[in-house]
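Consider the two complexes below, in which chain A is the common component and chain B and chain C are the respective partners.
Moving on, here comes the complex of A and B:
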């Protein structure tokens, strides 16, 4: 503890006012992610590759200075993430850290980033507190999604999917958080909650729960779980011939959908922060990504690509790596790229953009290996992200 | 609570009971005949499921041949392990057999995780068994009905073979008194190897049956073996009939628990095991020695 406060003090002494130039004649981006654990497939090495693609597309240089990409594994441990961030900022002179899947780690890295007055662009972490009580408008940007937006977006689907909902939730913090966020939002949108079950993590047989969902008479079943639990639940729902629609938080991974097979997964819904515009730029990026990673990019990876590219363009425009100067440039122009067509970076650090309600395609609709989902509806960013002056938002922007 | 819910859950319980029965049958045979507490039984179940997945994906061989080939493959591997490793601990305390098979389980599971990772893999329901029956109170998928049917056939068949046929009598004789059985000119070690093979094949068979319903993954048998162990203890160590009856009853009780208190459904069997061990330590169908 003493050591950290000493280091903190030293850092404060050393940190001077904003450099109006690019320090060290190099721009360095650190991709801090889970490179070996449960989040790897949706983030991890794919995110590192996404940043590298962004750098290559800009010719490896901005403002005449070479760009370097570092990759680090936080192992889902906040202390590991924080010490790596410290080393990156102090020793390796990293200018911006991105991705940081896992909110617990991201909170720790945010503290370091604020102390050193650097910049963090979050594309993997989900807690809405990053633009809430933990907001750091000058040092952090929340790019892809957050938990507030997830529930709000699902709430918006009530008119489309149906009014009677049933929850199948994993019986631990994650499932409880999803369900807890969903309940009030659904009720606000006029939905009726017919019931719910909590199942132990890692359940292989969902038939009992599925029958209960069926007998509840629900129109929509929300699967508040992830990984194999989502896969097995959806399989059981199909096997027992349920007519209800399925909304699954765990259905955002192209790999998981592919593992399940379209025959089983078809028709299920998911809210995806990435709206695939299917234009030439997007196709080019996806092709590059598949070529290198042998898999379709997930929304976090596309978001990381987008954040890195917007960052580098802003560095070029500002001719500086100073966080405030860079953020001012990103805020000045709407974000329009592979990740979003209508992004706006708000003063509190939230990048507001449309999200997609997607549906998994039927086998007959799928034209190629990775042609798995289609966009059913676009939900406007202002309708799903927490308003800047709402309760729970960034205190600096609260209603007076 | 409506009778619909209860009926539905009872049917589901029966289906789950079928899996427990198939698995505990093999476990009970091995523990009854060989005195080995085969913790690797869940691994052979996984191998059965993975075997059918490999047959389909590498060789294009479908469900029906896999139903025979995959358990056979598991049995061959099992018999090889019995000959080379497990047969060496017969004369030692039970704990050695348990530790040895535990090690085998960790080894085989670890190897599969290394090569195939832990994500589940899909296995399609065979064409002939798609669709289902509307029972009025629920929709019963054809495949699940098939599982129940097969479980009943195999349970009865195994019980009959062990209790009523000549080969069953010889097997039982070989465990009761190997010395004397050998005196009759019967090759006891070969018989034990065969017994182990049969037990393993049953687990492999359950694995093939499970493949289309659950995700095929290296972890699939790991937790199940604890439940199976509890079933066999409640039924009475080594009692074939006891395992069958307990397995089906457990499935039904668990089904009811999932309606009343879902979070606790995983505990039901262990609570029952505690009570049975306190009241009748040899198990419901076991005999005190």
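Moving on, here comes the complex of A and C:
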């Protein structure tokens, strides 16, 4: 009798502590993204679906508690994002917000997250300040890529692609930022910058820019633009039959490559934060994704899937949704999944992982509808992500 | 004079006096009800969201002060709203000023900008006026990208709210809401007063027949400039308060799309009415907020509602209600 009552008491105690740790007997993930604007195709509803897949694969439950996924459209407005995050945390009791493509919105949501002591897993936003001056090691992780990594990774390709570079940059903030980031990195890696041109946003005729690139005698042309500008520039380069290699930041979208056609796009390079290991797990995920979204997943979407899955596993292990406890669990084990084979979550919130130098396949190499790119080289995470104690890094971890 | 209808009536004097009295009673009853809703709302709806909505209500009313009274359609009102938002944000965050001073600074900046923009733009009317305000507004937008204190596309974030009068912590949602409510009511009353003053009647006269007002000896441009500046100032007050409420100022605040949103709010609610923009602002903000996690394509839904309203309610929602009530 005594024993059973003791056991009962112990069970009661256990259940109450568990109750206190996973609030409301539910784990809620909010996917905050651009669901109706320019970033939708690379992030948006695909990211929401990716999180749902992650939840389903874990049986819809962690630590015996059901998992719920909310999707929100921030409409690329920081104040809409911040108000929605406030409501999600206060009213809907969301435990973790993920994705948040668009850095301006992400900064706003990060402030809310810090105030409410919740967790944010950034997979869509790119500013390197999330693990720099705006870092929040106890409340945020930066999972997929950042602007520092992008240029550093391109810099590492100098030995493979060539020493003479030429820039074709979009004449607005984004293009200027890409070029500004690239110049010092290339020079540090021993490259010579032969020149550059700026084109207005939405140019359709790139012939004069491409001819200048040809005359410069460059080995590599870097396209510091995005969307249709990248497509049109690449088309012009092919039409003029330039021998130079092409490195394009805007060549990260499978949809865009498919639309352009491999005949035009073949041979162009891109740095992809997602290293496609082409193993069984990856193939299974891609199949599921294509079945539901009718398109190949982009790196943000795969990253969001990875972040959500690691989060849920950590909640299970910690039996808690407390940000610190969850982060401790994620840090404790290296990340090895569909997104990366060698990920490590650093104390400052940066998930460091290898990135891939990819090349678009020739039509003859492509075996199926979505077989578009191949990995040329893997660049080690420590070489491309900003070191934790470097200038511009998180102040809490600066060199003393 | 009815608060909701600013159009002159042409009934006989006695009947006019009578209808005037009943309409006035109806007005008081309406405003008493509205005030009750305003006070009780935060206990039913998320207060932080409501506080933000109130800022946009004031912004829409300020915009409508220009469009409704003198008939000038400005496409650059986000410039006043946004620059006040940035300056108030900078004052709160970097200079560490309390909210009252920051709001004052932001509003003053918007007023100065309003006088400058007004001086340039009111010389033209119609489409030309709209285009000039659009161009000036976009200049501010690009400035917001280039100036060092605005942090380009990342915007000013983590703006501290501080304490009201050094006593009440604005981080408390209810304190925050009632502060925004007081700012809104004060702004609304001021607009109400302006519209119903002699000054407001002269503005209506200018809207209806500018050459006649000139022939009567009014300096039309001075009146236009004055109301433009007032409208800009109140838009600035709304922007400064918004920064405190949502704790950020971003390029979206100065972008022409925000100017477009405010036109949408005024048109939906009813341009010729005082209360219409409030209804429009609540509607648009609620759509943006509650549809955000509904899975519907928000911009398309708002667009469809806009088209529907234009087709069905020519005078906006409040304008149409007024017509049905026979006022």
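Criterion: the second predicted complex is superposed on the first by the 380 of 400 C-alpha atoms of A that agree within 3 Å, B and C clash if a C-alpha of one lies under 4 Å from a C-alpha of the other, contacts with A are read in each partner's own complex, and residues count from 1 in each chain.
Rule of thumb we're sticking to: a contact is a pair of C-beta atoms (placed from the backbone, for glycine too) under 8 Å apart; a residue touches a chain by one contact, two chains touch by 3 or more.
All figures in this text were calculated on a predicted structure; none of them were measured in a lab.
Applying the stated contact rule after C-alpha superposition, one finds that A:36 touches chain C and leaves chain B untouched. In the superposed pair of complexes, A:344 makes contact with neither chain B nor chain C. After overlaying the two complexes on the shared chain, residue contacts for A:73 are found with chain C alone; chain B is out of touch. In the superposition on chain A, contact of A:90 is made with chain C only, not with chain B.
After overlaying the two complexes on the shared chain, residue contacts for A:264 are found with chain B alone; chain C is out of touch.
In the overlay built on the shared chain, the residue A:111 is in contact with chain C alone; chain B does not reach it.
Common to the chain B and chain C interfaces on chain A is no residue.
Only residues 2, 4-5, 8-9, 12-13, 15-16, 119-122, 124-125, 132, 138-139, 141, 143-144, 213-215, 217, 219-220, 223, 255, 258-259, 262-263, 265-266 of chain B touch chain A when the two sit together in their complex.
Touching chain B in their complex are the following residues of chain A: 41, 171, 197-200, 202, 204-205, 207-209, 211-212, 214-215, 227-228, 231-232, 235, 239-241, 255-256, 259-261, 263-264. The residues of chain C lying in touch with chain A in their complex are 46, 48-49, 52, 145, 152-155, 157-158, 242, 246-248, 250-253, 288-289, 291-293, 295, 297-300.
Chain A meets chain C in the complex at residues 30, 35-37, 70-80, 82-84, 86-88, 90-91, 103-104, 107-108, 110-111, 127, 129, 134, 173.
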